[in-house]
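There are two complexes below, and they share subunit A, which is joined by subunit B in the first and by subunit C in the second.
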Partner chain A sequence: MSLVLHHQDLSKLITELSEKWPVYGPKKERNEHEVRLELLTSAKNLSLNNSSSIVPPKKFLFPAKEVLILFEKNKLKKPAQTELILLGLNRKDAEGLFCLDKLMTTPLLDDHYAEKREKVHLIVIDSLAPSNNLNCDLYLQRVDQEHYLVFPFGGFGGKIAKSKLFSHDGDVGTISTRHLPDNVIYHPRLDEIVENSRDHPVWDRLAETCFNCGICSYVCPLCYCYETEDNFEITSNIEKDCKGCRNRAWDSCMLPDFNKVTFHNFRPKMKDRIYNWYYHKFVRMPREYGFPGCNGCGRCITACPAKINYREVLKELIKDEQK
Partner chain B sequence: MSRSNTLPFQMKVTKTVGLSPTVKSLKLGFNDPKLATAFSFEPGQFIFLSIPGYGDSVLTITSAVADLPQIEVAVRSVGNNTKAIHRLKIGETVFVRGPFGNHFDLKKMAGKEVIIIAGGIGLAPLRSLIKTIEKEPQNVGELKILAGAKEPEDFIFKSDLKTWSDFAQVYLTVDQADKNWTGYIGRVTKLIKEAKINQKAIAVLCGPPVMFLPLIKELEGLGLKDDNIYLMLERRMKCGIGKCQHCTCGDRYVCLDGPTFSWLELKDNWEAFL
Partner chain C sequence: MKKLKIAIFDLTDCEGCELELINLREKLAKVAEQTDIANWRFASHNHDLGPFDITFIEGSPITEGDIEAVKQARAASRLVVALGSCADLGGLQASLGAKAWTQGLKEVYGEKYQTKSKPPKPLSYYIDVDLHLPGCPVNQNELANFLSSLIMTKRPEEARFPVCLECKAKENSCLFLAGKPCLGPITKGGCQAACPSRGLQCWGCFGALRGGNHHAFKSNLEKKFGQEKTKSLLKNFFSNQEEFKSLYPREE
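This part shows the complex of A and B:
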């Protein structure tokens, strides 16, 4: 007997959950092609079907800008974090968060991320079966038009699964195994190929088209570099009554000043910054963490104003390596 | 000890000393007595020092472990943060995270000739090592300190340099001498010949990036092994724990794998001295 949710009850589940926690999920509201992760109170405008939001779900754990510390005179404190549910992520995005969790908490722990992560609960909805690379609380597998198979994980998932909306239904057991084309470029020696490509003409060519805008980093579910900056309120004596906060904000290694120190810029050339972006994702990260810094979501391709497609770049490197 | 990478702990300024026209040394004590006993570091490690409203500055501890529970840092006034640090008065509070990074291999230096080569403010991060050797000079073979500055007044730790000549050979050079200058004139590289360096010596270098390659060439020419030449790199780090990516340098993180690297590690690194 499997635990099942009927599709018609999904909306009720969202309403039920939203009475206790803020629930965010992919919504197609403003126009047909824009999916955004926004507050939900029902399944209205909920966009499942594997469409991906413009900004990845990392924004709930590692937002574009967030307060790290609040300070007043000489007292510091950490801001309180809100508990929330992120519902309706597809498996790919949930796997992206699984990787981000690893990046931010191992080998050394980013304590701010960890505090936030504890308060964010994930409910994944996908037609694929749950994989091993998930840190979610509840997994709803859409097995046919009418049903979701329900997989609760951990204490929070178990608590939600107690809702009367879920039932034990013996009839649902056949799992459709829809095969998704895997968009991750795979090559057993991809790290070596990218590592050895520093003199490849592709980097010069990309440097001519890339705007160095950093959008590929901002929309990437696995980019996590950041900048910190103090903000303070203007008072009559700032040095004495300083009140404000330390923010952390997304940065991008594509930006010209990313590697600047006081009297020197260690990566002044656009070409080197572009190479570094690929090096981090396809060389450093696989060696450091065992997975590439790309889960094939394609957001960077959609967002790039210069129409740079990293898959084409990698294919070219692989092809030329074989020559 | 606070291991938070985001929330700093409090320290109080207990002493300030002007070292040169642009560099000031700060002595810091712990506000929390428990932390004062728990805090430890190794020579070569760095901290983030901040004044709320200004932000973090990355500074290598310039004092020795034996000077705990106080630590010292040297700050050159260049931007808003460091200018604010220069305005700090005794008794004022600062916020600190750390220590981070690797440290000098003192065991490896045991019995060997140690060469300290510093350009300008590059002497600051090496002072912790010198002061550690000062406590027990018999632990290393001979200590030779080669330091360069633009002008005589730009030397930092001038009084230390005098004391250090009691247990070390100190060679000083300036780019531009004044009428009272009796030391050498020219680049630090010039001092290498003067110091008569043993080919089994261990050299530790810190200074502006342009200084490294000519020095390494000289040292290699004398027969020093690549893994006996150490360099300290500077990057604008934000986290200290390998997350923010600002300090990546080829295949290394300066905050985790460094700030001190052997030349053997950096030889093939394409970004160390860009």
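This part shows the complex of A and C:
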């Protein structure tokens, strides 16, 4: 007997959950390509196909700009985090979050991230079976047009799964083994190939096409570079009150001043910065974490104004290596 | 501590940046309490002649009188801030270039007209500028942070990212990919993607991003919109910047 949710009850589930927690999920606006993770109250406009949101779910944990610490004279305070549910992520995005969790908590713990992460509960919806690389609370596997198989994980998932909307149904038990075409470029020696490609002409070519805008990093579920800045509030006595906050905001290794330390820029050439982007994702991260800094979501490809496709770049490197 | 003595001067421009300063409302009142706004034609009766700790100059100098005035202001000030794109980049009026400027004056005022004006240039063409606060108009958030930083003797940071960062942060769908000649990828950010968030392409009013790949962007634009349109787009706000000059080395 498996735990089942009927598709027509999904909307009711969202409404039920949103009475207790804010529920966010992929919502389509004008068309299938304009999906954003926004507040939901029902399944209206919920986008459950595999088109990904413009900005990945990292925005709830590592937003474009956030306040890390509030200060007032000598007192420090951390901003309060709200508990929320992130519903309707596909498996790929959930796996991306799993990797981001690893990146932000090991070997050093980013406690700002961890505090947010603790309050974010995931409900994944996908036609694929749940994998091992998920930190989710509930997994809804769409087995046919009508049914979802329900897999609760941990205490919070168990609590949600007690809802009367879920039923035990003997008939729906077949776990589909269908796999989507996997978009991750795989080669057993990819790290070596990228590492040894420093003199490959592709980097010169990219340096002539890439705008250096950093969009590929902003939309990447696994890019986590940031910069911090202290801002003071305008009070009646700014100096005496010394009230303000430390902010952190997205940064990108593609940006010209990213590698500026005091007055020295140690990676002033675009070509080197582009190589470094690939090097970090496909050489360093696999060696340090056991997974590449890319989960194949393809956001950087759809968002790149210069239409650069990293898959083509990797394919070219792999092809030329075999020569 | 002694109060910071501030002066705000304006030259050829629309006064929109000063208006943004006034639009800070309560915040500006609080700033005024703890500083000495010693000279501000636009909003104050004070017209102290200096010396000043910080002088904001808005607009671009176009007459000999203007040039003399900014030189005097420079000599009387510890820090000079170029407020807004007219002061920082020369503004839209500088995009014409010397030839078209003279030609335009003739067309409007007739052949015999003796003008006192020179083709507009950014402030930095005549004097050393310490801090830049670009924008057409400047962004209120940036302005507020700028003022509080100065009072706290913290050097205000200039944005080192393009418009695209704040645009993606707002989850806008890309106008450049939608076929509009949006200059966001090579324009300095800080405006919180004001135009793209309202469906309008970025015109580059914060100036060209230092170190951006302007060559790549230019050739991409040219493929889509042709050489002429590309040049006129880039010329609007970038015409006096090094980035533009390296793209069009033979331009006057």
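Assume the second predicted complex is superposed on the first by the 316 of 323 C-alpha atoms of A that agree within 3 Å, B and C clash if a C-alpha of one lies under 4 Å from a C-alpha of the other, contacts with A are read in each partner's own complex, and residues count from 1 in each chain.
Keep this in mind: contacts are C-beta pairs under 8 Å (C-beta built on N, C-alpha and C of every residue); 3 or more make two chains touch, one makes a residue touch a chain.
Please read these numbers as outputs of a predicted model, since none were measured by experiment.
Shared-chain residue A:Thr228: touches subunit B; no touch with subunit C. Within the superposed three-chain model, A:Arg36 lies in touch with subunit C and out of touch with subunit B [touch as defined at top]. Applying the stated contact rule after C-alpha superposition, one finds that A:Asp9 touches neither subunit B nor subunit C. Using the contact criterion defined above for the overlaid structures, shared-chain residue A:Asp251 touches subunit B and also reaches subunit C.
In the superposition on chain A, contact is made by A:Ile69 with subunit B only, not with subunit C. In the superposition on chain A, A:Asp137 makes contact with neither subunit B nor subunit C. Contacts of A:Glu95 after superposition on the shared chain: neither subunit B nor subunit C is touched. Of the two partner chains, subunit C is the only one touched by A:Thr209; subunit B is not.
In the superposition on chain A, A:His264 makes contact with subunit B only, not with subunit C. In the superposition on chain A, the residues of subunit A contacted by subunit B and by subunit C overlap at 229-230, 232, 238-239, 242, 244, 251, 268. Within the complex, the subunit A residues that touch subunit C are 33-34, 36, 53-55, 63-65, 207-215, 218-219, 229-239, 242, 244, 249-252, 255-257, 268, 270, 303, 305-306.
Considering their complex, residues 1, 24, 27, 30-31, 33-34, 144-145, 147-149, 151-152, 154, 157, 160-162, 164-166, 168-169, 171-174, 176-177, 184-186, 209-213, 215-217, 219-220 of subunit C touch subunit A.
Contacts from subunit A toward subunit B in the complex involve residues 68-69, 71, 74, 76, 78, 103-104, 107-112, 198, 224-230, 232, 238-239, 242, 244, 246, 248, 251, 253, 258-264, 266-268, 272, 276, 280, 283-284.
Considering their complex, residues 3-8, 10, 50, 52-56, 78-79, 84, 87, 93, 95, 208-209, 234-236, 238-239, 241-246, 248-249, 251, 256, 270-271, 274 of subunit B touch subunit A.
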